[in-house]
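In what comes next, chain A is part of two complexes: it sits with chain B in the first one and with chain C in the second one.
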Partner chain A sequence: MILESKRLINVILICLFSSVINTVMADAIQPIALTNVVEMEVLAKDKNGNDVIKRVPAGKVVPGDEVIYTTTFKYSGEEPATDIVISNPIPQFTIFKVGSAAGKNTVIEYSVDNGESFHGTANLKVKDDQGKERAIEAEDYTNIRWTYRGQLEKGDEGTVEYRVVLK
Partner chain B sequence: MRHSIVQNLINISLFLIAINNAAYALGTPAGTVISNTVTVEYNQNGSPQTSTDTVVFSVQEIIDVNLVSQDASNVLVLTSSLDQVLTFLVTNIGNGIEEFSFAFDASPIGTDDFDPTNLRIFIDSNNNGVFDTGGIDVEHIPALNDVSLDANGVDSQVIFIVGDIPPALIDGDEGLIEITANATTAGAAGSTPGTILVGLGDGGVDALVGLTEASVDTPGTYEVASLIDVNITKNAQVIDDTAGGGSCTTAPCSPIPGAIIQYSLDVVASGIDTAANVVITDAIPTDTTYEPSSITLNGIPLTDSSVDADAGFIAANVITVNLGDLTNADNHTITFNVVIN
Partner chain C sequence: MKILHTRNVFKLCIGFVLSGLILNTQSFAVGTDESTPVDNQATISYSVGGTAQSPILSDDPSTAADNDATRFLVDELIDMSITASPAAPGATASVGDLVILTVTNTGNGTQDFLLNYLDFSSGDDLDLSSVTFYEDDGNGTFEGTETVITEVNLLEDETKTVFALAILAGSTNSDEAAVHWTLEASDGAGSALGSDDGGSVDDPTTVEIVFADGENTDVATNTASSDAVEDGLVSSSEVRYTIAGLIVQKTVATTASAPGVTNDGVNHKAVPGATVTYTIAIENQGSSSVTDVSISDTVPNPELVLSLPSVDITDTNCAGAVDASAGNTVTVNSITIAASATCTVTFDAVIQ
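On to the complex of A and B.
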């Protein structure tokens, strides 16, 4: 019995070890490093006592709160990277804050069909229960896509971001 | 093959979203983990590459409560009466399961005439909306039988204030009370909105005190009244004198022979309990003749016959209208016309 337990522990250790290796290897071969963070804005005081809006990690989020997703990408490959597309589904239980998506040097498009098709805001189309086209609402947005203009050279980095409200 | 697995995963997750939205229309439940994965796709040396990163946060619990009176107006009571009932509804409008306890104030700030005595709080244990005695509805003892309610306004509980009314009060005397519902999470009730209660939310997430400060005070008022009283006010006006040779068709006209008088009876009930089977009778005045088919009740014509289903008739020169049971504030207007002989 004891022997069996030991063997089990060894198996678990090996599994853990191999998953660590996998992660390290996976990171090593990815020349674009992505960092996704979620934050919220709080009112704080600067050193002169003035009100300033500060971003803090999204730790105390309750329904109705707005959070900001910021993705940083950094390129470390030797050869330039091309055809760069960043995509992000609007998380479950949240509603996109229309107009909040940003990203320097990118073309921003949206999906209202879970990422099957992407369009600029003006070309998004949704239908009502009777199949008639209706005005688009914030809740219709399902995905955001940023297409980078041009290519990334070694050391290039940038950020894209958008905001959602927790239902 | 790979595509079909991904497709299945998408289908499953869509199904989960639909279920969750239906169950939690008001706010995302406390403890829900919100996960977001960003993906970048690109080409390097002509070969496609993908990289992802996932970030999560947990939804914290917000503690909020709503408590509203279910009485449409002041509750009418007799002086020197026992176990008079005020009715309230408590609702959990936070996003986590929460327990609530209740307290009363027999003499809150505000103008009134008396303080009810022997006040107690009861829970509508059988959820029939009516106070039941004999141990059916249980008396509330804070910390012993606090009320646990599910999140997001889907769960409510009727609560009663039961009290005695002192003797020697007069009609119109008011007794104001106040009932308070408090969330029982330690440190929540009465704290400033935004106060963080570390680890005290559902599933160990932090709890935040909401805009209601996790505590609501709601007033209720007893008003002393007599037993039911039915008042009748009778008015008469001449509405047409053309048949008598005049030219007036709008009241007031001249009370000449042939002119039409309209009688109007306003019936108003006030007080406690029910006046059962109220029947109004009025004799046609001497020297006048009833104008056929002129009885109305609340503007609706009644026939002159006593053998049909409507509420009124004329027999032996007496108008009869059956108003049925009347309770406080019920009012009816009866009219009929006569011609001056």
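On to the complex of A and C.
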């Protein structure tokens, strides 16, 4: 019963964040540990009294503040993993900070159509109310996708991140 | 069992889609509402041995749950504005100075604010002796029947009008009192919040308060207090009040020639039998209306004889005037003169 409830929750989350209804979910053993944290930068002092920028959990967030999402992946499977793609929707109530997406050894692409298609910044296209193509704005971004170059061996790990501003 | 689950999933999905639509209609005029949860979850897909595996959802490591979305709550941003307009729309019969305060909540949540004022410590002659705040009942005009308040509740983005009726602690003509009107974030129980949660430990799961209001450096210059940046208090620019000061001027003109004197019909001469018209102008130079003003003027006898009933009190600036003239004495009682208005009374007399 617990297992089935968990499956149901997973399915709901999928339909929330990727609009894909996938009734067959992963087994309980997941060979990739994927964590996602949200932080913000604050000014702090180091031990020598110098100003340093420190990341802290995003506790005090008000409109206009910038937060950083960091997704960490760690592979524990026996066989190498390939075709690794991390995708993340821009959260509701926030605007993507253009140029802030990062990820070592990844190709970063963006979507302006809720994840239906992904392109590099130069190839993103949006249309205005009259159907004419217009310049991309930060608010147009809906999803980010990181495609990992190469394969993951057991014990490999990495991080990807991006920033958004709370509306 | 599986079919049942799938049905439930569809119902839930429809529910989420609908709730998403509702959320999308929220106003962002001043930013995302306080307490709004902001969720995010990454997905990783991969293949092993050339076979695509089921995607994995990310986990928020700060919670006990597995594969849960990463969440933070939007905190409360407190910001507001107050402006003071020293003239009331429409007249007021109340004794005192009326100021219209326009107060606006520019934060991202509903908030109570205390109304108050800061007296000048120098640069004026006296203080306000009392102030009563009235919340406008919606018509923008003060009638004195509005609800008396000490703090005002404002929804996000809401603007209200508050009337501040001030009584001056003095009676010397033309003395001035100067103040800054203030609006301060309150705890909803009559006390100022005083400080925000800026110095407390961040907590993504609680809604904390963050002051974002601006400063008014004039307050520190003019008063014993201050209005600093992000202190939960905003203030108006200075508002000055003046004790009502009356200036009386009296002029005379010959307005009708003596009987039998034809003259040119225009340039009447002040000869016996001619009529002269006196004009008494009472100007209220103060910033508040004055009531119970009386004027009395006896024309010199035997040189002049007052023509009754020639006393003209029909000027609309002489509200409530009652003519009680008799014999050779003009008497007008019970006049109310609004701030900056001039009440004009005229009467005729005949040269003997």
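Heads up, the rule we're going with is that the second predicted complex is superposed on the first by the 139 of 167 C-alpha atoms of A that agree within 3 Å, B and C clash if a C-alpha of one lies under 4 Å from a C-alpha of the other, contacts with A are read in each partner's own complex, and residues count from 1 in each chain.
Here is the rule we use: a contact is a pair of C-beta atoms (placed from the backbone, for glycine too) under 8 Å apart; a residue touches a chain by one contact, two chains touch by 3 or more.
Note that this is a predicted model, so its numbers are computed, not measured.
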item	value
First, second, both or neither for A:Asn114, with chain B first and chain C second	first
Which of chain B and chain C A:Val52 touches, first, second, both or neither	neither
Greater chain A contact set [chain C / chain B]	C
Partner chain(s) touched by A:Gly77 [first = chain B, second = chain C, both, neither]	both
Which superposed partner A:Val61 touches (first chain B, second chain C, both, neither)	both
Which superposed partner A:Ala138 touches (first chain B, second chain C, both, neither)	neither
Which of chain B and chain C A:Thr35 touches, first, second, both or neither	both
Set of chain A residues, in rising order, touched by both chain B and chain C	30-38, 58-64, 67, 69, 71, 73, 77, 79, 81-89, 91-94, 152, 166-167
Chain A-facing residues of chain C, complex	1-2, 5-6, 8-10, 12-13, 16, 20, 23, 28, 30-32, 36, 38-50, 52-62, 66-67, 69-77, 108, 197-198, 201-204, 206, 208, 210, 212
Interfacial residue positions of chain A with respect to chain C in the complex	4, 6-18, 21-27, 30-38, 56-64, 67, 69, 71, 73, 77, 79-89, 91-94, 152, 166-167
Complex contact set, residues of chain A against chain B	30-38, 58-64, 67, 69, 71, 73, 77, 79, 81-89, 91-94, 114, 152, 166-167
Chain B to chain A touching residues, read off their complex	10, 13-14, 16-17, 20, 24, 26-28, 32, 34-45, 49, 51-55, 57-62, 95, 196, 206, 208, 210
